[in-house]
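Below: a set of structures, written as structure tokens.
Here chain A shows up in two complexes: once beside chain B, once beside chain C.
Now for the complex of A and B:
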């Protein structure tokens, strides 16, 4: 109890209790994932009892390893495919919407702003059910890859808008105005001045959308048709309580490595690209997708 | 020359997309919930004209929501789980965010990276990790057996409310810490110094300066994680998979994944959305206000 009071007592001192608590939290939040990755190298069918090291679930086993099992490979490919399409579609649309919302001050601005924010606060199951019903009864979109892409783009757009708008606000209108004063057309000022200034934020949005898509479960599951359109999270959901082998851990680990290395690389590129940009948003904040 | 439609045309595709794939689908939920059922195929038939809506399915749901009935029990359970999980998240998250913002010093960067890593590990991968640990022969049971806390393996994954709440806390706490950290990090140190200079004890300074200044942040971050928790069904399915711990999300999911009565499911979605509307509007309100403030400060 004294320890607890001590960290209140001196807000500038070294509160050991709080520091230990924070480190314990970090260990608690990350070590289980590391253990799950370690178990993908288990030399046995168990995901909970260690039976020695092996790479059989990664590539050794001719039928059940990540490399050879068509179901596991299919899920990996579908996850990456959806992420690719989501990035390609959601980012341009989101950038456009952010530009429209910040640069245009008309009557429609406020309702569109709310329309853009709503997907961020709607629980995913509500969004998934509404997409399921509208595809089923009105648009007659068959469930599968197309429906999954439409669903993922719908919730990704808002994140892109938030990131790009933050950048737009910190850039301000001055650079463009200067370009216009120097004789550039509206389109020219946008293409030659604003777009290069936005490049780091666009890059950050691509990464955030990639991660959103890879991580998404609810909408992707509701829009999926069959085993062919299963993604890695769906595969985990379907098989984790059953007789899944450490190959499931392996396929999940592939996703972890893919995402973390993409983010790490992206962070370095981002810092390099943003080095001569007007200050404002922190790179870490942009990459984390938190505003 | 400046063309009036230059900027709006940039936003047009996004607006069209959100109208077609967010607004219209939301209306489709209403049309199905207040629709009828095909007499021969027993499939739901949406009614798009509000003047012809039928309220049979909604009556079923409202009857189920009477105290003691199915939906009531599930709803109260959901409320209980989310409240406890939220309290747990705050108890863990606030001290961590506070330490990161105020005391981390040289370790701040490293700790922030550790804090952000869970954001980039798929939610279901993090659940998979705990399933491995909580299996009857998993690490948790073995440690507890070795320590003599339990005498035989505990079945953590067989419909335990405590496991579900624990998993919810584990799953959602990172999403609480980061916004909390952002708020606490922004508090000006001179305000704290002023509190101390004016004779406040450190505890009172915390109580009367730091806490009120982070109040809005606490509320916003809590809403941010409470909303998805209310719609969560996968944590429950993965960790418990038992009707004993079924939450409102599981109930809704049941009506759509293989279930027949879409209209009842859709009505349940409407009831849930109305219940959450308060939380959603609060969050929208502070977001819009915050973005208005940034605009003011930058112009």
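Now for the complex of A and C:
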């Protein structure tokens, strides 16, 4: 017993206690996800009693599988569509804003910098209700896909600005000045030097916005119009108390895979981009700085 | 005619309330190695950035070969910069970094390749074209930064503390290389540094700046031997500054009173009367036995002996309370002076320089009682 304790508490060895604790947490957090994925392959209607392996809820069943059920498919498509638009709109605007906020020195610079954090700290439900009110009464935006995109873009931009601004501050103004000194116009300096240097951060923003959008429930739910504009989180929320089948698990699994492959892609692109980046910056680091 | 003459006329730059450059007048000749020397915050880097075009002057003119270019944006000026951080583009390899400027100028592909190859060979980086900046050492990055600017054949090359990030040995080697490149290319170099030794080694002329003003413009020799202000005397090398009262009838010689002692001062602003400073370099102070008698001698005591290798630095506390440093070459004679010895410090009149009274006191140096660091003395003693 004593020897075991000494071995465990060995000051020169690995900190085993911390390692064990970490692994315990990993297992704790991953087990539910794995169980959910496993039951999407259940050969029966139950989501808790194993009845053998089957792919019927994925594509086998002609009516209730993910592939064939129009409601499930619609929700998946809507989720991906919103994520796509959110990325396409929020990232360019966020990059522009970040550029403006770091390069612009004048009155109003500081308050705007603080206001940028506003969407991050506002409770999402408050934001959703407020958006609902202004969209309905002030801007007359019809509920549905447009309103959902607008809502998601509204809060996504803050994240993009924070990621890009952090990177811009660490890059500093010298590279642009060097480019201008060597004969590049302002626009040329941006395109030839700043943009390539910002690429990892822009990529990180894309991933973060994708994850935010796919994950979002509150704002998306408030802005949805009908069943056609349901996303996967909304669908899962609504059917969880009703007669859910393992097909729901399958949809959820698709979401997990989508997120995982995005992170994997992010990692690969980061490795590729890191070849030519100054040390100390990483796309994952940029993401980790926020989420 | 050589090109690359830069004239700064009443050049001024304010940042809000703060005046970084306060109406300076500098005329830099074509093909000259000109250094802007001063402590941090003296306005030297702002001056360089004004010439480069990164800052817009609040007032005054910047003439390049007689043409005012204050309104010309940086990418249209025949002026290139070597940045302190090098600012090599990390996503481009060495070749593309050097070719960047030529491509912006739409130089033909073949010519671009030739010129880049030639300049890379000139800085001894011929085989490094395919490397990324991150794969180079500090000294190599510095050369790439230099090549990138030189390839455009600018009229003026601006260098902002280009050797600041390198270690001492490499810095010495690159100082010599920079100077020889400057002579070979015949380009005007405007070199910003806070390192007085660097400025003295390389420059044709130096402008010492302080608080946005130019204190003195002179050749290195003149700057060292004949400082015109208290600030210059104190900033360049080790100086013994003494607060004195200048007296005597108007004439050639000037008598200065240090405490109870009266000395003859033979050079500098001999017309000055009243409260002022005199300066004498440590290597001009002669230490004699206490029994020695004669004019311009002040008794004192050896307070500290600092061994510097080739020379020995003696810190003498004079009877007036002032601390004076003396430098004696170790030529093999047995060491005469040990700590606590009573001596006479002979301050020859021809080495005792009278400075004009400092106008405000903002440019006042560290108090003369404060002995400068020993390692600083080594550099000056050796050079």
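Note that the second predicted complex is superposed on the first by the 266 of 291 C-alpha atoms of A that agree within 3 Å, B and C clash if a C-alpha of one lies under 4 Å from a C-alpha of the other, contacts with A are read in each partner's own complex, and residues count from 1 in each chain.
Here, a residue touches a chain if its C-beta (ideal position, glycine included) is under 8 Å from a C-beta of that chain, and two chains touch if they have at least 3 such contacts.
Note that the structure is a prediction, hence the values are computed from the model and not measured.
In the superposed pair of complexes, A:113 makes contact with chain B only, with no contact to chain C.
By the touch criterion defined above, A:218 lies against chain B but remains apart from chain C after alignment on the C-alpha atoms of chain A. Looking at the shared chain after the overlay, A:91 reaches neither chain B nor chain C. Looking at the shared chain after the overlay, A:29 reaches chain B, while chain C stays out of its contact range. Look at A:147: by the touch rule set out above, it reaches neither chain B nor chain C. Comparing chain C and chain B on the residues of chain A they touch gives the larger count to B.
In the superposition on chain A, contact of A:21 is made with chain B only, not with chain C. When the two structures are aligned on the shared chain, A:99 is found in touch with chain B, with no touch to chain C.
On chain A, the surface patch touched by chain B in one complex and by chain C in the other comprises residues 172. Those residues of chain C that touch chain A in the complex are listed here as 52-54, 73-76, 79-81, 83, 85, 87-92, 100-101, 104-105, 132, 134, 148-149, 152.
Of all the residues in chain A, the ones that touch chain B in their complex are 5, 7-11, 14-15, 18-19, 21-22, 25-26, 28-30, 32-33, 35-36, 39, 46-49, 92-94, 96-97, 99-101, 103-104, 106, 108, 112-119, 121-127, 129-134, 137-138, 150-151, 153-154, 157, 161, 165, 169-170, 172, 186-187, 211, 214-215, 217-218, 222, 232-233, 236-237, 240-241, 248-249, 252, 255-256, 259-260, 263, 284-285, 288-290. The touching residues of chain B, when paired with chain A in their complex, are 1-3, 6-15, 17-19, 21-26, 28-29, 31-32, 44, 46, 92, 95-96, 98-100, 102-104, 111-112, 114-133, 135, 137-139, 157, 170, 173-174, 178-179, 182, 192, 202-203, 205-206, 227-228, 230-234, 237-238, 241, 249, 252-253, 256, 262, 265-266, 269, 272-273, 276, 279-280, 283-284, 287-288, 291, 294-295, 298.
Against chain C, in their complex, chain A makes its touches with residues 172, 174-175, 177-185, 188, 192-193, 196-197, 275-279.
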